Amino acid sequence: MTLGRGPLPALLYEDLLRAALVEDLGRAGDVTTDAIVPVDLRGTGEIRVRQDAVVAGVDVAARAFTLYDPTVQVVPCVVDGARVAAGEVLVQIEGPLRALLTAERTALNLLGRLSGIATATADLVALVAGTGTEIVCTRKTTPGLRFLEKYAVRVGGGSNHRFGLDDAVLVKDNHVAVAGGVTEAVHRVRATVGHLVKVEVEVDSLAQLDEVLGLDGIDAVLLDNFDLDALADAVRRVDGRLVTEASGGITPERVRAVAECGVDLISTGWLTHSVRNVDVGLDC
Amino acid sequence: MTLGRGPLPALLYEDLLRAALVEDLGRAGDVTTDAIVPVDLRGTGEIRVRQDAVVAGVDVAARAFTLYDPTVQVVPCVVDGARVAAGEVLVQIEGPLRALLTAERTALNLLGRLSGIATATADLVALVAGTGTEIVCTRKTTPGLRFLEKYAVRVGGGSNHRFGLDDAVLVKDNHVAVAGGVTEAVHRVRATVGHLVKVEVEVDSLAQLDEVLGLDGIDAVLLDNFDLDALADAVRRVDGRLVTEASGGITPERVRAVAECGVDLISTGWLTHSVRNVDVGLDC
Amino acid sequence: MTLGRGPLPALLYEDLLRAALVEDLGRAGDVTTDAIVPVDLRGTGEIRVRQDAVVAGVDVAARAFTLYDPTVQVVPCVVDGARVAAGEVLVQIEGPLRALLTAERTALNLLGRLSGIATATADLVALVAGTGTEIVCTRKTTPGLRFLEKYAVRVGGGSNHRFGLDDAVLVKDNHVAVAGGVTEAVHRVRATVGHLVKVEVEVDSLAQLDEVLGLDGIDAVLLDNFDLDALADAVRRVDGRLVTEASGGITPERVRAVAECGVDLISTGWLTHSVRNVDVGLDC
Amino acid sequence: MTLGRGPLPALLYEDLLRAALVEDLGRAGDVTTDAIVPVDLRGTGEIRVRQDAVVAGVDVAARAFTLYDPTVQVVPCVVDGARVAAGEVLVQIEGPLRALLTAERTALNLLGRLSGIATATADLVALVAGTGTEIVCTRKTTPGLRFLEKYAVRVGGGSNHRFGLDDAVLVKDNHVAVAGGVTEAVHRVRATVGHLVKVEVEVDSLAQLDEVLGLDGIDAVLLDNFDLDALADAVRRVDGRLVTEASGGITPERVRAVAECGVDLISTGWLTHSVRNVDVGLDC
Amino acid sequence: MTLGRGPLPALLYEDLLRAALVEDLGRAGDVTTDAIVPVDLRGTGEIRVRQDAVVAGVDVAARAFTLYDPTVQVVPCVVDGARVAAGEVLVQIEGPLRALLTAERTALNLLGRLSGIATATADLVALVAGTGTEIVCTRKTTPGLRFLEKYAVRVGGGSNHRFGLDDAVLVKDNHVAVAGGVTEAVHRVRATVGHLVKVEVEVDSLAQLDEVLGLDGIDAVLLDNFDLDALADAVRRVDGRLVTEASGGITPERVRAVAECGVDLISTGWLTHSVRNVDVGLDC
Amino acid sequence: MTLGRGPLPALLYEDLLRAALVEDLGRAGDVTTDAIVPVDLRGTGEIRVRQDAVVAGVDVAARAFTLYDPTVQVVPCVVDGARVAAGEVLVQIEGPLRALLTAERTALNLLGRLSGIATATADLVALVAGTGTEIVCTRKTTPGLRFLEKYAVRVGGGSNHRFGLDDAVLVKDNHVAVAGGVTEAVHRVRATVGHLVKVEVEVDSLAQLDEVLGLDGIDAVLLDNFDLDALADAVRRVDGRLVTEASGGITPERVRAVAECGVDLISTGWLTHSVRNVDVGLDC
């Protein structure tokens, strides 16, 4: 029995795949393959990973081939979240050789990127193992790919911050300035949003934190660019009343020290905006 | 007089911007800002770069604000391709404060990514300065963003490889295998593609290169994973009859040595698939 | 200074308006108007409400005219949320008479529906005035119009339940059955969703409620089809530890009695799926 | 042998269904179901109607499940137009339990609305049984759903007025005013529209009717807001030369009296804009 | 005062224009123009017709330029339907020279095609001048362009047949065969379609015509591939009770003889599917 | 073994087919067929060609039926490029008779147009047989159909010019004027476009040709509106150093004489913008 969130519904990414295939096909299709490979020649291929990684996007990549040509047969060999070693086969493919060669790049571009995110996430998660702290993404994602990139973060063992401007409140410094104070800002928010919307407030000092701690209707506090001492102090002051999130300047070198301050969450944008693709290839 | 390729037509990226804004707005818009900021409050903001960089995407980022709200005024302060220092202002913005805060993330996500690509490209270009070798991208791009990412490579001083499977021929090992040899593969290609389609052939040995050099109708040769000695030898054998492209294992450390082998082009996928965003922020 | 959520960004509904106009124009446009009304004849018109109502959709309706013809001038006379009397003017319009007559139906269809929802909501809100109970909508909305219909609920003084399956957890009977109990169901949810996702659990008996009250990580409880005595009892047992929502069989006749049981929220689907349009018309 | 118009082609509504599913799935899918229900657990369900009704939208609702997950099996148990009693099963479903729970709301929202329209139509049709008068809808439909709502009217035994501004002419008071009289208005129309476009003219007095009766090239007359005596008089004057349509103030209480005036058609907007959904539910 | 149908609403063709521009721009835009023409160089141009013609599509062509670049100024010099001589200027354009050169082909492709249809229509109309017969198009149009091509037929002085399968009934031989006779076919149609849908029946013999003439509820008869004698006989038999349409083998040489048989309409598919573009060019 | 470019990927034209079907179905579907033909009646049909032709679009036409109704069975009887005689069967179809009648026009409109282009191309190709000259299309295509029309040119034995403004450079008179000479124009182009982009220059005199011949980095020259003597002279001067293309005033009568001047390519726009459809019909 497979529990947990599991695979994304294909309906959510099929339009993206179709658009990505058309982006690559342009107005004339794969002129090289169509010129050289007979239309009725079938072949087999294997998508392999060329470095140790945590895989994400296996179903997405497999679907690229069957969307391009429904007669292609794909057999995923691992599930998303698997930790694989360089050389392992991720997907086996059989079908018209033209389809294999033509859909290859679209499939690999997504598989490489999502696996890159999952792997980077898993690496951070490993660094904070045992602390109870979770690794969290941000809204610094690639336009059009947010739902996939946030999925890859989950696959890597991380957790998702809000998906957009609409599904949770995050009160930032500009909001506080306009409202004339965090108390008024939170009051305005609570007066308008529904009962299923959580509220997080960003603070950049312990003084601000203390003001926040005096307010009702807040679920989480984002401690922005706190140094380690201040972080530990902040966690003590919160004392479990709010979810605490550390943000700003998170690096692999520093992440464990941050976690050991006792924060519930550590968020970082580079998990989605600056991650290195995992090297994957198709061998036919 | 501004020559060269210049800005992309907005028509090419406005749909992408709209989709990116909607991706972030979701079904309820910016619930934080709408709760706190009065609808009729105007404000100003400046997009600043927080690290030295080569900028790309200034017009794209500016257009995000005016697409969200046509009453916003944007003034770009630099043009794409400018080398800027940390702290410089890239765009000045004036308009309803709600619009500034709501469109911010969409604008910055694209500006950061495109500038990241331009900067990485410019850094590589600088490393091969004086050799006459050009830096070239690949098709390893983000689904949906290829035209923008290739634009950013140009902004950074690089040159574009083909845009898709349709606008040029690239004969790879699988094609050669199916055709039973590179001679037959090239023959099949030349018999079907038009007179404005260039043909490049990938080779992985000097022996293969020699076979290619005996053929008509080829414009370029991709020397895949050649070591430096072999590269230099290959360039000598080609002797200017074909454009030569080195590919595989290109790193900043190794790129100049590769260029000094005399190849015309050096291509690398990580310019688009694994680059780090440039840090940009909006100060209101 | 206008506070509160305020108007929806036009970007969110312009595509819908365009599609609605095209749905009405078909493949030949307004054949009656185009045959009879000279192309250069301008005119004026007023959208009036023909019954007492709470108005929603004024900006949406006005935008229908300017999307169809950007030379039309529209002047909204009231803001969404205004309580108006039969005969009041909501929008004044000036422009090519063809545009006024052709865009009329699209504008009125949306204005009538959204005002119908706002008015029905306001009527329910009035019925529970003073109790502190909020009126809440559901996901029983019209396909394609959810964000607008939920907006109209807010305009009418109601509050929004979740916007989709993704922005909050609602554990229902089927989920509990699969998990083998509400405790396990909540455990599975808490193990996978992010820190900004709220969790509500549906119960249909006081016994189930008691089990829920023993669990951590729940924000709200939906008391489904409880009679009044059970509702009051439930509120007492919850004692402010969770948000309480009453659902099922909510009618105008019964809503105040439900509210007086002390629940925080009363939700009902007919606010969006079975509401009567407000009668609005265009007089030219 | 099934005659009559029969089911709509799925091609016409599949895009709408996909958009409705995505509207509900948002950017993360069904977070509750995905957290709790194992991905490989299959289940069965039955869509039941919870009140007596005339059903419309069975195929549409069934298609929602198979679009979301093509491995779902659906068996419609009734055809659109069937009069069903509370408790009857409309569709049997078998497949991954996740798919059943996730697509449920989209399917039910459409089935409930279309059945609501069909039932309301059938109720009106029953009230005028034996008079020879037909019940007709208007263009007061929900943006994006017109073709489905007009289909539901047919399913309920009603007939369709024009589908848009383009497929028939309806000369209204504003048109007459611009033309300087109904004679000139009809002349202008006849001079421009094709031979397959019917022409209907709205009149609001017997005097106007008499002018219309003197004209050629008119197919139908809309008697707007006539009282019963005037209606009967109008029908006598028309004497079968034109199709007669009564409109304005049509209620269930009054509809038979209107029909007994002898009009061919009675049209009313609330069949589509203000109808109550039929209560339908999915039992798993 | 401009009467008649007049221009199409731009809303109907802007999406088509945008798609056509993007089809031409591809993924890199106009590489020639962008390389050579300075971004800030403005210029002027004139669209001229290079042969005598009836013009259609002036507004459409002009809009191509302003959609590509809103700073372009366009001044139409003629209105659709004008008969122009070789060399006349149709549109004057001023703006960034890049925009003029880049949008040129999209504008001209549509202007040439629509003018080709209008001119061919006008030529046929002239050939039947004085007979009272109208020239009518068919559904043999270009996928995606039907509304524009039917517009061009009107501009040329022709009239439109139905716009699709949905806005009028045309009973053809296959329908008659399935129904077991034209009487039953017409009966089935009349039992299901609304009061604003006209019914035309195709016949291919005088015997079939006689059967049709005995039926109620028919508006028009299509006389398919009748020779001239049979046509004249058919018109006599119909005697004004139905609209008569001649179809099949219509050529410029034969069209007047057909018209002189007294038919109301002559329809031909080649007006839209096989017409020659009018030669138009942009001089900068 | 089938070599050559072969069929287009269905992914490239399915959206176009869907849009074309919806364009014809409108908002109510095929009202005639749905009224007359029982929903469960199956039938067979054959698409026949009614004139000698070279066929293109067989797969496209066949897909129209299965997209409309996946239970339709289609059996193509010829492949694109086949030369067929009047009366031959191109596709056999079996399925619900409604689907056959409803999708017919969409299928035939595309099949007729594409076959018209292929046939006209093949006719031109036959006229220049033995000369070694190729027939080439232009960008004067139908908006939205370019990739299909260029495919039909290939099917007819012709070759494709560039697909858009982005995949090759064509320096025209306006570009030369702006640059102040062809030398500067070519220089600007070469400085900006990638190594896989070919460059063609249009010249209208032998003097211009001589200037072009002195430049590096040009692949082809377009000899615009040269008379036969000048063409022959031009070919001699080029002497194989560039691809030569003749353009302007190409007619079937003149094409062989042009070819015999020795040009490599002859291009003409009317292959795509003014071709006559091939007459195809569906017999059920």
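In this document, chain identifiers A, B, C, D, E and F correspond to the written order of the chains, with residue numbering beginning at 1 in each.
Throughout what follows, a residue touches a chain if its C-beta (ideal position, glycine included) is under 8 Å from a C-beta of that chain, and two chains touch if they have at least 3 such contacts.
What you see is a predicted model; the values in this text were computed from it and never measured.
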Inquiry  = On the document's contact criterion, could you list the chains that touch chain C and likewise touch chain E?
reply    = A, B, D, F
Message = If I rank D-F and E-F by number of C-beta contact pairs, which comes first?
response = E-F
Message = Regarding the chain A and chain F pair, does the interface count as same (over half of residue numbers shared) or different (under half shared)?
response = different
Remark   = With centres defined as the mean of Cα atoms, the chain at greatest distance from chain D is chain B
Mean-CA-position distance for chain E and chain D (Å) = 32
Query = If you average the CA atoms of chain C and of chain F, how far apart do the two points sit, in angstrom?
reply = 52
Ask   = Cα centroid separation between chain C and chain D, in whole Å?
value = 23
Inquiry  = Give me the residue numbers in chain B that touch at least two other chains, ranges are fine.
reply    = 3-5, 23, 25-29, 31, 34-35, 38, 41, 102, 146, 160, 163-164, 166-168, 188, 191-192, 197
Task = Name the graph shape formed by the protein chains and their touching pairs; answer line, ring, star, complete or other.
result = complete
Complex interface listing, chain F residues touching chain A = 1-9, 11-12, 146-147, 150, 160, 163-164, 167
Ask   = If you look only at chain B, which of its residues touch chain D in the complex?
value = 23, 26-27
Remark   = As the complex stands, chain B meets chain A at residues 16-17, 19-20, 23-38, 41, 97, 101-102, 105-106, 108-110, 112-113, 116, 139-146, 163-172, 174-175, 178-179, 185, 188-189, 191-193, 197, 269-270, 273-277, 284
Inquiry  = List the residues on chain A that touch chain C in their complex, please.
reply    = 3-5, 134, 136, 154, 159-163, 166-168, 188, 191-192, 194-198, 200, 219-220, 243, 245, 264-265
Key: Partner chain B, residues of chain E touching it in the complex   = 18, 21-22, 25-29, 31, 34-35, 38-41, 67-69, 102
